[in-house]
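Both of the next two complexes hold subunit A, though its partner changes from subunit B to subunit C.
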Partner chain A sequence: MKRFSWDEMMNRYPAFFAILLLVVALIINLILQPNMFARDTLNSNMRVFLPMILLAAGQAVVILGGGIDISVGGIVSIVNTILATQVGLNGSPEKMWAYVLVSLAAGILAGAINGFFIAFLRLQPIITTYATSFLYVGFALFILPNPGGGIPADIANVYRNTTPLGLPLAFYVIAVVLVIWMYIRSTRFGNYLYAVGGNAEAAYETAVPVTWVLFSTYVVSGFMAALAGIAITMLSGSGNAEIGVPMTLTSITAVVIGGTALSGGVGGVAGPVVGAITLGIIQNIISFSRIDTWWETFVKATIIVVALAAPGMINLLRRKKL
Partner chain B sequence: MSVSLSARNIVKRYGGVVALSDGNLDIHSGEVVALIGANGSGKSTMSKVINGVVVLDGGQLLLDGKPVRFSSPQAARKMGIATVFQELSLVPKMTVADNIWLTREPLKTNGMIDRKVMREKTEALLDLFSGTFKADLRPETLVSDLHPDEKQIVEILKAISLNPNILILDEATASLDSRQVERLFELVKRWKEEGKAIVFVSHRMEEIFRIADRYSVLRNGKTVGQGDIKDITEKDLIQLMTEKEKVFQFTKAAATEETNGVDHQVYLEVENLTTETLRGISLKVKQGELLGIGGLQGQGQRDLLLALFGDIPYQGTVRIKGEVVRFKHPRQAMQKKLALVPGDRAKEGLLYIRSILENFLLPSWQKYGFPLKMKLAKRDALAISERLSLVMSGLMAPVSSLSGGNAQKVVIGKWLLRDPDCYLLDDPTKGVDVNTKAEFYALLTDLSQQGKSILFYSSDDDELIGLCDRVIVLHDGKIRAELKGASLTKENLIAASMGVSNGGEA
Partner chain C sequence: MRRLSISPPVAAILLAIILFLLSGFLPNGFGNDINVAIAQATNIVRLAVFLGVIAAGQTLVIISGFEGIDLSAGSVVTLTAILTYVTVKGEDDKVLLALLISLAVGALIGFVNGLGITFLKISPFVMTLGMSGVVTGLIIIINHGNVSGKVAPIMTRLIARPFSSSIPIPNAIIIWIIFGILMWLLLERTTFGKHLFAIGVNRVTAKLSGVNVTATNLAVYSLAGALAGFGGFLVVGNTGVVFIALGQPFLFPSIAAVAVGGTLLSGGKGSYWGTMAGAIVLTLITSLLTTMQMPDSVRRMVLGATLLVMISIYGRQRGFRQ
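And now, the complex of A and B:
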């Protein structure tokens, strides 16, 4: 038997480190909030985490393919403002459903625009999506210049309070996302995704349709951002064109904590989902530990930096030993 | 199944450099053709023309007598031509099986990849080489965890899994050990009997005589000889690869100095230097000596220079003027007055978009204090550029505005400012125009007369013979031969590079 190989663990089980981190965060959270596994507490936590989970899953697909999507927050904002202005506080459920579909289409379109520039015109992903992020947030501000509007409270409550079989709705959504991901992972497209992210040139020489694979990752990301936008709108019940802006960097952080390398081709979607939950719990811990608001961002950032640096530090120590 | 491919009068230019001016090759079912040539003779380009990686500028490719044009490797692949690339086309973070079957994965009816079938097919392929690799090469092993020889095997299997009619083996044996080569040759024989045509590009003369049926020799982009391998001897082949005419008149300054009876001390002493590619190199360089390093490309020359400069980790002992040193960082080597002119000047030797001035002064800024004495710095840089007769629009012009030869002068110039004792040169005249080359030769002779030690790797055999007193020839990470005096001839140099054992012992 070979000796335990950290590299191999990280490769085979990209979510390994994320789960380790999640367990630590859960234990600390449990000490601070002993009732956190009670049905209501669990649900109120998970419904807050869900938008970021969806966003991180989409971001993970882009990053696996070797790109990055900085415009996801903008897409969340567009969806939020569409729903808040078009459905309104007194809208009917039918209207809500219709605009959910419109939102998803908007997300796919926004993703396709990113994908077109990056895959077909070969522009830098980071610059392209940075530019389109302004486009998308700007469009959201055009739809809804000042915070306001919203969706009917009873529709929002469906999202907030549904707990089939006593489990939060978010658990079911996560399960569906992971099952779909596992299916994609084991199709030819899944292999292409890893090949393009891992070594685009070799993939091209082996006749992988590199351009289309890249394009599709941004469409997937746009779609997932739209889902995240729908979720966060149902959570808040109101509209705000700036709502998605801070979510972009958090989604990238969740992906990295989840063991999916920014260089592409390594990792998966399960890790980033766990990473998003972990980031949510870290936020929880900070609120419960009654840290002065002034310090909150600092403490949060420190935890994230340490979490991000940990695998690198472990590798450094391993190298020293060799 | 019968197939034939003919390349006629192939021309291929890269920018202004002519890689192939008249390349010819004929391949038929059931035979192995060896494509032979010295460094830069165009054999890599020739195989890239056949497999569609480069588009040819002139000439014709005939497949079964019909003209064809390959716009991409895929187009050639569809026509049944597969290549085992020297630079591997594998995705490191994917498994062996995923890599071999990428884009051709067996699918189940629900669209999922049938991992079981893929695994079995991969195992069947791996069985071809069974017993020649370690047990950890399995279908589910990540390619990044494999050794170079195992990666090469995967690359070979990937090509053969396409069941091609024509298989190009471009230096496929370079990283294989003898047992693996043995197995590959058995397989090649089997494939030959199945009617495949095989193009075998190799550095190793012994292998060529063992496996090839026919040969085709390239020299300076021209096919200078084709025929049956049984009708030719090693010596004649080497003769064919060797050029008669000489372009340069070289003056050997160091040689005359030695005859003057000046007794120089040993400057650099290397014992049993071992890295990933080097397998125990020992050598001595005296002060004022210009030691040539020869051999075909990628035989460890680069590693030797980088290891001495503290750029890559190594095992073994290095002594400078008798004192044991162990550089862990190029900075330490610089402090001991070593200088490296790396092989890829645009990437490693220069800040390409920054000014000539900055590039000159990069290793020497600390001399100019704080705040920087810019006037002095400019004067020094100007003096160096005059000494090198650098053709430029001004010191503030970016290096990217210079021609290849002038850019290389900047790389050397930045070290001249530090006045090192020892220069490590990695193919400094590659892509440099004729006049600049002549200037370099003068500079090198000048430096060695000043008592500087120079390790000079060149892919141009004429340079080595013309300039150096002594040339070591590297082959497979070992010193194959040491040539000096009367034994330093082009025939001996090429023979030693090709691994011919009686090449030329000094």
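And now, the complex of A and C:
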């Protein structure tokens, strides 16, 4: 029987701390909201968390490759405005499906634009995706200058109320995402991704197609952002060009809480998915604990900073003890 | 691929001049009237002062490398603007006190950022992002919906008015020029500046050459916070009113100004002159789009596209093959 080693757990399983945090948050949430695991409550929570989970998964792939994607919120906005203006409140399911495909194509295209500038022109990811985020949010505002429009209620209800085998739809989506990720992780592309994120120069020297790997991470991120956009549109049922803007930074926080380092090459997609759920639960706890509205932002931000600082603090304390 | 040998600050200034001359052909541009042209140019530079000062701290943290960035700058600007507003209460003799409070509060927030980044090993992006949330929370608590206060007449006279009737240069520009010289001295003529560039290029070699990396890093973030605080003091002196979203619109433009000015986002290379030029270019583009009465959507897209073009010209990283 091997002795439990904190360091080993932290190093071998980057998601370890994220799961620990999730358990703590779940327990607090369960105390405040005893019916949390009831079917309806669970479903209503998970359908709210799902867009951020999808977004964080895409962001994680980019960050693993050593980049960052600040334009994901803009892509969510574009998808939302496309669906809200083109399908409309009285659209048919066929029309919805057609524009879901258009949205996915738009997401892939937006990701490819990011990838082109970053991988092929070798621009710095932060500033490039920041610039494209202006392009994308601007384009979303161009499609829909004022909030309005939407998708038919019965289509939105499919997303809201489908619970196959009594489990929320989100569970199945998460399972599919994780299975696909585990498959990708085992392929040559998965190895390339970690190699490029760890040390792009060394990866290039060992004949890894660095440019194409980088390019593809942004395409994946664009695709996932489009999925997140579809999910949040079905959740809200209406259109708003600014809907994605606050989601960008939350997705990055989710990735980091999930143990995937911003320097690249360390972590995975499972951790960020857990991170996104944890952030959602923290929001839940805050709204259930009935704290003064004026204090809400401060409390939430402080909890997030403490959560981000905790692994570092533990390491610092342990080093002192030795 | 051949590279342009023109230096980024010069390129940015040239772009600003060309854009400004072209803007004369607009229907409501300055036309043939040289006096109107000078007045317009002066006004644009005056508006650029605030972005320029806020971007000074950003320049320092970005030069310090190690993914250095300060996302808390926007909320620090709002906080110190509000603190100045409530401290001064329209009295001239409280202005110095308000300035000291602004610098101290900004430096304290920056110091906490520095602690998290150096000791807890949190990446600067996430640490300052989290801090931005905490500061926004503080603002909401302090502000409680509305604040009562007033800027002092002396602030308006020193910041918003021209130097004298015979010299029609706004005081803000004179402050900025002195500020620019001080920044140049700090970066190029002090030990701190040398250490700053050294840790930006390579932390290990800097440490081996006797640079106190930890202390320098803490100092950089504290100084960046203090400069953002100074920015807040100037902004409220100019606008005369405060509101919760006062500082946030400066955040990403401050990063963009640094990038447009040719400071490498990976650290170790850059100048404050470049940032000043970048601030002028960004302010010019924004105000041109406003005078052309472009809708918000077009404004954002043009801003994004310009930024992409600027960084495509000289923001490119070294190719792998070289």
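Everything below uses one rule, namely that the second predicted complex is superposed on the first by the 313 of 322 C-alpha atoms of A that agree within 3 Å, B and C clash if a C-alpha of one lies under 4 Å from a C-alpha of the other, contacts with A are read in each partner's own complex, and residues count from 1 in each chain.
Operating definition for what follows: a residue touches a chain if its C-beta (ideal position, glycine included) is under 8 Å from a C-beta of that chain, and two chains touch if they have at least 3 such contacts.
Remember, it's a predicted structure, so these values are computed and weren't measured experimentally.
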Which partner does A:Phe134 reach: the first (subunit B), the second (subunit C), both, or neither? second
Dominant toucher of subunit A (residue count), subunit B or subunit C: C
Is A:Arg188 touching the first partner subunit B, the second partner subunit C, both, or neither of them? first
A:Ile68 in the overlay: touching subunit B, subunit C, both, or neither? Say first, second, both or neither. second
A:Leu165 in the overlay: touching subunit B, subunit C, both, or neither? Say first, second, both or neither. neither
Residues of subunit A that lie at the interface with subunit B and also at the interface with subunit C: 201
The answer for subunit C against subunit A in the complex is residues 67, 69, 116, 119-123, 125-127, 129-134, 136-138, 140-141, 144, 252, 255-256, 259, 265-266, 295-305, 307-308, 311-312, 315-320
Using the touch rule from the top, collect the residues of subunit A that touch subunit C in their complex. 68, 117, 121-124, 126-128, 130-142, 145, 200-201, 204, 210-211, 241, 249, 252-253, 256, 261-263, 294-302, 304-305, 308-309, 312-313, 315-316
Residue set of subunit B touching subunit A in the complex reads 73-74, 77, 85, 88-94, 98, 102-103, 105, 107, 111-113, 115, 136, 142, 145, 158
Can you check the complex and tell me which residues of subunit A touch subunit B? 2, 7-8, 11, 183, 186-188, 190-192, 194-195, 198-199, 201-203, 205-208, 265-266
